[in-house]
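I have a structure here, written as structure tokens, and I will follow up with some questions on it.
Note that the chains are named A, B, C and D in the order they appear, and that numbering of residues resets to 1 at the start of each chain.
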Amino acid sequence: MQNTYRLVIDCPDQTGLVAAVSQFLTDHGANILEANHHTDLQLQRFFMRHEIEADSVQLSHKAFVDAFSKIAQAYDMRWTLNNSDTKAKVALLASKESHCLIDVLHRWHTGELQCDIPCIIANHEKMREYADWYKVPFHYIDFSDKKVAFAEIERLLDHYQIDLTVLARFMQIVPDYLCQKLAGKAINIHHSFLPSFAGAKPYQQAYERGVKLIGATCHYVTTDLDEGPIIEQEVLRISHSDSSLDMVRKGKRCEVNALANGIRYHLQDRVIIHQNKTVVFA
Amino acid sequence: MQNTYRLVIDCPDQTGLVAAVSQFLTDHGANILEANHHTDLQLQRFFMRHEIEADSVQLSHKAFVDAFSKIAQAYDMRWTLNNSDTKAKVALLASKESHCLIDVLHRWHTGELQCDIPCIIANHEKMREYADWYKVPFHYIDFSDKKVAFAEIERLLDHYQIDLTVLARFMQIVPDYLCQKLAGKAINIHHSFLPSFAGAKPYQQAYERGVKLIGATCHYVTTDLDEGPIIEQEVLRISHSDSSLDMVRKGKRCEVNALANGIRYHLQDRVIIHQNKTVVFA
Amino acid sequence: MQNTYRLVIDCPDQTGLVAAVSQFLTDHGANILEANHHTDLQLQRFFMRHEIEADSVQLSHKAFVDAFSKIAQAYDMRWTLNNSDTKAKVALLASKESHCLIDVLHRWHTGELQCDIPCIIANHEKMREYADWYKVPFHYIDFSDKKVAFAEIERLLDHYQIDLTVLARFMQIVPDYLCQKLAGKAINIHHSFLPSFAGAKPYQQAYERGVKLIGATCHYVTTDLDEGPIIEQEVLRISHSDSSLDMVRKGKRCEVNALANGIRYHLQDRVIIHQNKTVVFA
Amino acid sequence: MQNTYRLVIDCPDQTGLVAAVSQFLTDHGANILEANHHTDLQLQRFFMRHEIEADSVQLSHKAFVDAFSKIAQAYDMRWTLNNSDTKAKVALLASKESHCLIDVLHRWHTGELQCDIPCIIANHEKMREYADWYKVPFHYIDFSDKKVAFAEIERLLDHYQIDLTVLARFMQIVPDYLCQKLAGKAINIHHSFLPSFAGAKPYQQAYERGVKLIGATCHYVTTDLDEGPIIEQEVLRISHSDSSLDMVRKGKRCEVNALANGIRYHLQDRVIIHQNKTVVFA
């Protein structure tokens, strides 16, 4: 993998903005591998992502940040500059369903997901065998006292200096204080096409309503359960002839694909959260 | 088109049921063109549809009904026997959006939808030009008094002996008494993936929630608005880069396809309503 | 609809390119509504499209072209600047299948496709009724002598100063000289997922091969039959239970959607042809 | 999982066929969990699958076979009766791409695929770690001499009494004699939407042709490379902005899903091969 800088910006829409950024990049010899722009005409807001060959720029990460800060200030930008060589540290939280955990681990193992996975945290011991095989430290958390359990999770996330927390079918409601601490840095997979069937037992809800498509939603965690900014959604067609096992199988397929895309977009700095929505430069 | 009988049955699941029906059909020389079975194991209920070459059976429609009634009674069946030559009379109700109306008319005109369309009813005059071209009687209804308006609609449906009422983006809430009268005989198209975004302005709701797929739902009309049994749903992927015009365009595509399938399934006796869900032998 | 300029560029990839274009646009006060970039790393070629609010630029179309020509030359650009107010003239060529013709006409009539349609040309008289309703001049062409027929078509395209020729299931092989004359300005819809089932009777071929998805391909016309640059493709799932009528129905749905997208992308200057492929800024 | 009998039949279409089978099942008290019928009107051939609660039938497998043989003979049936408790023995053949192998193993491990996997055979040592984790015997085959290699594979398939051989991206052309021996009992996954891009490097072919959808095809192995009866196909949309890594990632998703469905349909006796096509009672 080539080392790249990812410059991600959003700011009020203004004439001259793109020219200023482009001129900056040109002045520093940047070879742009991918560029994405989006103007939200309703919000009068501009979103932009550049992926730049790191070696083409005669700037260290720090020097780049310093140099760009002036432009950023002039245009009132929210912005980040990440280096693809600096891998994010991702914690996986699981319960007793293994399909999402396994899928993420495999994509990580084969290099599709570029990150470090320093720990797996679960409230079921049976996830340990997967952690062991992938040689990832495993932490079992006893949930008999939820308050204690989440304190321990928070401690682990701090200890491992986690950048992204992935709730891979974790099935426990994260307390508000932790949601707030992890804002924009925690991703959940919900097994329905939100906003339909939020909350518990979405497959059962889907079965009872008699919908003809089943889905999954990958979204950022917020204090409003299942209401966070959506990153990715997947659906598959179902019919009366699908048994509950068929629905679960199709649902799992939606889940793993929505989650894998959601994580990848986040890790590649392709997602910009604005208010309760996302711009995803897929 | 070949003339066919469509024998559609649902009843409590019982051993011997299929054998009894099959033996009856064999005894009358029925050439079966298509057969579909479904057992709902949870409800212990059986659903079945046969499409039979009419000429192969030495029975008039009336004689068939009489002969089959004994079996039907023995197994406590809800059942219908329709003849494909007896076309259903379909009324189209429209407002000011023409895409669903036009699409249904074109599919009817080209023979994809096998029915008669004796009238188009609308609360906007601009739909008249489409009615005229397709040589379908057009009735403009003034909605300044809704009660009067729906009384007139009911009168027209009676007058034309309508079998199926299609709300092709009709945008008016049908009063309860009329919903009840038309139970199982009125189809609506809602421009969202229900149960998400029921009620008014579903595209606006979808935009605000930031969903990544847009959809449409074809369902039977009931007194609970947008809560009736779902026949068909369609979705298309959207992203931040889709303008509101793009969303409308993609939404329309979902609508026309969900509605066309829904109507066709109904006209071909492929839908069995049970409680608030459907079995669709697509 | 807002009046916009669409500046579409492709050229060898070079540092400074985006800065130069952006600075030019900033200098003339351009309000950019939409911007798309693509770098083909393998070809070292850059593709770019800007949609600009026309009123924001203090330049007539001619003045814009003159001013931009210097940059264009400096970077060896292929480029176009179109004004959304200058509608393309589109000719529709049809045979005896009406679904694509009707669909395009309806989208045009309702404003989804922004163009003029000065003529419909067909080798079947039955298309005339659609032309009449939409008040588009209709030309029947007798194909008993193909050479004469295509000469007449060419004469009509010239006469109406056609910008885009759409083969809406035209089913006649366009002679090489005319393909060359219309290069990049003629779109065909083929009723298969190309490169599978090129040539005659694709549905029959699909049936015989037993594929599980049926499709349609919208592509530019070239002298190699069904080998031109692909703009859009659609597929739908089929199964053994789909009759030949079902396959045709599903195929038609693929056709109208692929064709409508292909035409719209072309009319909005979203397609850049490079060698035998397209970049589509959808 | 409930123990079931799967009675799968195809034969010339004849009146009385369904009645005869249904009466037989009724006479033996069969509780039918799922029934599927299909009549190919063109071929005048009938296809049927019943899934029956084993405990409801007062017949051992052998007694069932004996009793049913008379009906089978009378109607010239090809037929099988399998018991869900008798698990098929599946051999997985892999090369150096692990995604299909891993996916099948995980679905087997979690019970989605009901079979035994007595061995994994590969021409790359790196697959051994997956085999070890899942505790499946692993056989490395040296392909320096292909003739010897395939003789060894054949020996292993015989030794393990393999019922289904799955080429999970095996990338070696199976010799004709072995294709014939494994007819209807070997499944391949090809990484394109066949018949497009048969043979080597389908992703490269797809890239060069500029198609807008990428796919995968699961089919039975025959002596004609990539020409066997298709069981399942999957596609995903691609665009110019997809890198070759993106194409591979999307392609893999198509592959694992098409392969998993193909294997499951086969293991559940849902596939009937007729000539070069399949009926799949999905």
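The working rule: a contact is a pair of C-beta atoms (placed from the backbone, for glycine too) under 8 Å apart; a residue touches a chain by one contact, two chains touch by 3 or more.
Keep in mind it's a predicted model, so treat the numbers as computed, not measured.
Shared contact partners of chain A and chain D, listed by label: B, C. Comparing chain pairs B-C and A-C by the number of C-beta pairs in contact, the larger count belongs to A-C.
Farthest chain from chain B (centres taken as the mean of C-alpha atoms): A.
One simple way to say how far apart two chains are is to compare their mean CA positions; for chain A and chain B this gives 41 Å.
Rounded to a whole number, the gap between the C-alpha centres of chain A and chain C is 37 angstrom. Counting partner chains per residue, chain C shows two or more touched chains at residues 34, 41, 241. Contacts from chain A toward chain B in the complex involve residues 38, 40-41, 47, 193-197, 209-213, 215, 229-233, 235, 239-241, 243, 276-280, 282.
By the touch criterion given at the top, residues 15-16, 18-19, 21-23, 25-26, 29-37, 39, 41, 56 of chain D touch chain B in their complex. Interface of chain A with chain D (complex): residues 34, 98-99, 102, 106, 110, 112, 133, 241, 249, 253, 257.
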